[in-house]
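By letter and in written order, the chains are A, B, C and D; residue numbering begins at 1 in each of them.
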Amino acid sequence: MNADVMERPKAAMSPKEIIARRVAQEIKPGMLVNLGIGLPSMVANYIPNDAGVFFQAENGVIGLGARPPEGMEDPHLTDAGGGFVTAVPGAASIDSAMSFGIIRGGHLDMTVLGGLQVDERGCLANWMVPGKMVPGMGGAMDLVAGAKRVIVAMVHSAKGDPKIVPHCTLPLTALRRVSLIVTELAVIEPTHEGLVLVERGPGVSVEQILAETSAQIIVDGEVPEMRIG
Amino acid sequence: MRKAIHPEDAAALIPDGAVVLIGGFMGVGTPERLIDAMVARGVRNLTFVANDAAMPGKGIGKLVTAGCVARAIVSHIGLNPEIQQKMISGEIAVELVPQGTLVERIRAGGVGLGGVLTATGIGTPVEDGKQTIEVDGKRYLVEKPIKGDFALIAAQHADYAGNLEYSLTAHNFNPIMALSGHIVIVEPEMIVPIGVISPDAVKTPGVLVDHMLTRAA
Amino acid sequence: MNADVMERPKAAMSPKEIIARRVAQEIKPGMLVNLGIGLPSMVANYIPNDAGVFFQAENGVIGLGARPPEGMEDPHLTDAGGGFVTAVPGAASIDSAMSFGIIRGGHLDMTVLGGLQVDERGCLANWMVPGKMVPGMGGAMDLVAGAKRVIVAMVHSAKGDPKIVPHCTLPLTALRRVSLIVTELAVIEPTHEGLVLVERGPGVSVEQILAETSAQIIVDGEVPEMRIG
Amino acid sequence: MRKAIHPEDAAALIPDGAVVLIGGFMGVGTPERLIDAMVARGVRNLTFVANDAAMPGKGIGKLVTAGCVARAIVSHIGLNPEIQQKMISGEIAVELVPQGTLVERIRAGGVGLGGVLTATGIGTPVEDGKQTIEVDGKRYLVEKPIKGDFALIAAQHADYAGNLEYSLTAHNFNPIMALSGHIVIVEPEMIVPIGVISPDAVKTPGVLVDHMLTRAA
């Protein structure tokens, strides 16, 4: 959406920007996509306006647009994080039953969610840290159970602790295997055989990825570098 | 035909200990003036069912701050540190429900279904203690219907027959909760004469609505 | 609705008119009522326009009005029998899921349905005669299971065969006990103890009612005559 | 953005033997031009799911007359003597489903629920051969979800994003079927530019619609 941002050299990219740009490549024209709050919501910045992509927020608009100019906010038009948004031409208001009907019924092409842990089975944990942080699952469990593709967008490690682990120690969000994990260091595809490394981050070596990952990673031949920016 | 009532008169209808369904998503589409009147009246021991607890100073957050709440059935409390604290201290019992399951449980209560069969939550702590059922070889949780003694909802327009219209992301749980409260109280932003809302524009038929609040002064 | 019809002397009344007028007395101001097709739909003719009663048809309008003047029909506004109707001020269009949500969810104050048989348990059969007539149950099973009050409006006998029987021989519409049976000969209330005769038709004796009913009827003291017309 | 297509091109998409959900109630709110094109093409062995079979010469009745139908899942066939005859002769297999159960089964298919728990039909022939479940001491039938290869629906207005509005009693099964067809084809009475239908007026979001028919000439 922002040509200025899109042309910045990749050397200047923050981890989050690398992740958002790489996830944006997964989104094809005409898709219906749900972006979680936080990092996943940044993905919208790297989708061309004319791609015919519709963004859905679980609180009830299909056809979410960018943040409005100051003074043009509508208190009845926010994203799932409560931030002001706009509606694109062709948008539709829906209630929560229709919103989750679309999510659970398999009508959503893709969801992009943050993660606390993903394990070798491809299972995601992202809604609580027992005894520490209990925000609740919100729509995450339905999104992971129902969307056609589930993409986890997260920084590779949390203060040095690996987030891609042999087996999730945190409560799961769903048993379903997620479709893709995108971090600033790697793109990893969970498969029936395990976690397959499909791309390296800009300037990142396979060794570095393996060192920062406690899960077993399948490396099959040459691993290409992400092409972003 | 129904007359609009003042927020304090509506709040007086809601006794201590009531189960109230409250519309809104992070405070958007919540009946704020009604909540203010409930806080002013000092209602106690409420069980509220809602998507979230909003944030301190907004919507349901005001009920939490004022100590009106004993129990909450919600999908998310991440933006309200107060309810998280009160949950940890034991002052408020919190039941977390996946958002899509929550709205279907409320709908099931309102439309007379015996429960909801969903795959959401299978293999997670949400499954704990719940009945499951296999249909055509796939396993589902049996999630129970939810009904409220009251549904407290917000709408954009009402007419004097009680018909309601909602706006943009202020729809959220409101139209579903209108089905599931034993007594339904709506706070419309505007009330228009009967006939002004086209039958095709009505999202909640007036026959479901028991009381509506006067417009803000 | 029609003052002319409402003032006709009862001597001139057909059995169906007697039934419709008597059922109309059960409808209180402000109620939401579903009238089945055929005889039950005649009940609307005897409800004052200013009673604030809302009629619902299961095909999707709350606030059904009278048949429109010729030339003012709308092809998109019909009752459950497919006949043209109008919408009263304050009417609401609903889809079939909402329509049956209102019916099944206990929001409908009363339904008036035709009947083939009602038995001593108060069970209704009204949707098929095996091998002969299989129209289907349409909305009848949901209406009987879900409405707050279920009133059966039917002529007392079918070509000499009693329709109020010890035990239904036709397939049931629901196990639920109906609230009231109104015929041209009698008003009968199914109770836990059995079928209680509560009113006699105009000029009809208790003996005549018992003679035309194969079910056991409880007669407790003096039975008043219907006050209609 | 999607282009409108001609009825014969839409009919060509629907193969013999398909399961088609068809909107309408006694022929009101049914895609008539699409059905005419299906009859003209001579589609065979359809299973249709609909409230009713309309009447000879109208809506679904035309498919019945033309011999396009092998199986029907309906709540009512009382106004169509032809389908009753074909049922008795064995030409068409008819499954009768209570209307409220039918619409919820279609909804369950569309919104990803594992089934419908309803008291409707308990103690009647509808219960025969079905799984039941007890929830909080009350017994319910477990009615299975229904999905179609196609949903063939009618709408009042569409825009070129596929958003739909319906009119009065022509809503009926259409908005629910729009959720449950693998491919959704809509016949709108009028198509308007994107932006003309307000987001709040949309009953079926365009993302659910695959094809729409050109307006009648």
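Note that in this section a residue touches a chain if its C-beta (ideal position, glycine included) is under 8 Å from a C-beta of that chain, and two chains touch if they have at least 3 such contacts.
Bear in mind the structure is a predicted one, so any value in this text is a computation, not a measurement.
S.K.: Just tell me the minimum hop count from subunit A to subunit C, counting one hop per pair of touching chains.
M.R.: The distance in steps between these two chains is 2.
S.K.: Need the graph distance between subunit B and subunit D over the touch network, please.
M.R.: Graph distance in the chain contact network comes out at 1.
S.K.: If you take the mean of the Cα atoms for each chain, which one ends up farthest from subunit A?
M.R.: C
S.K.: Between subunit B and subunit C, what's the gap in Å when you average each chain's C-alpha atoms?
M.R.: It comes to 36 Å between the two C-alpha centres.
S.K.: What whole-number Å value describes the gap between the mean CA coordinates of subunit A and subunit B?
M.R.: 29
S.K.: Could you list which residues of subunit B touch at least two other chains?
M.R.: 104, 107, 111-113, 118-119, 156, 166-168, 199-200
S.K.: What are the residue numbers in subunit A that touch two or more other chains?
M.R.: If we look for residues of subunit A contacting two or more partner chains, we find 61, 87, 93-94, 97, 100, 103-104, 146.
S.K.: If each chain is a dot and touching chains are joined, what shape do you get: line, ring, star, complete or other?
M.R.: Graph shape, chains as nodes and touching pairs as edges: none of the named types, so other.
S.K.: Under the stated touch criterion, can you name all the chain pairs that qualify?
M.R.: A-B, A-D, B-C, B-D, C-D
S.K.: Report the residues of subunit D in contact with subunit C in the complex, numbered from low to high.
M.R.: Within the complex, subunit D touches subunit C at residues 25-29, 51-52, 55, 74-79, 84, 87, 94, 96, 98-101, 103-104, 107, 118-126, 156, 166-176, 203.
S.K.: Which subunit C residues qualify as touching subunit D in the complex?
M.R.: So the residues of subunit C in touch with subunit D come to 57-61, 74-78, 80-82, 87, 93-97, 100, 103-104, 134-142, 145-146, 171-175.
S.K.: Applying the document's contact rule, which stretches of subunit D touch subunit A when the two form their complex?
M.R.: 1, 107, 109-113, 159-161, 163, 179-180, 194-195, 199-200, 202, 205-208
S.K.: Using the touch rule from the top, collect the residues of subunit A that touch subunit D in their complex.
M.R.: By the definition above, subunit A touches subunit D via 32, 52, 54, 56, 61-63, 87, 89-94, 97-98, 100-107, 146.
S.K.: What part of subunit D is in contact with subunit B in the complex they form?
M.R.: It is residues 104, 108, 111-119, 131, 133, 135-136, 138, 140, 142, 144, 156, 165-168, 199-201 of subunit D that touch subunit B.
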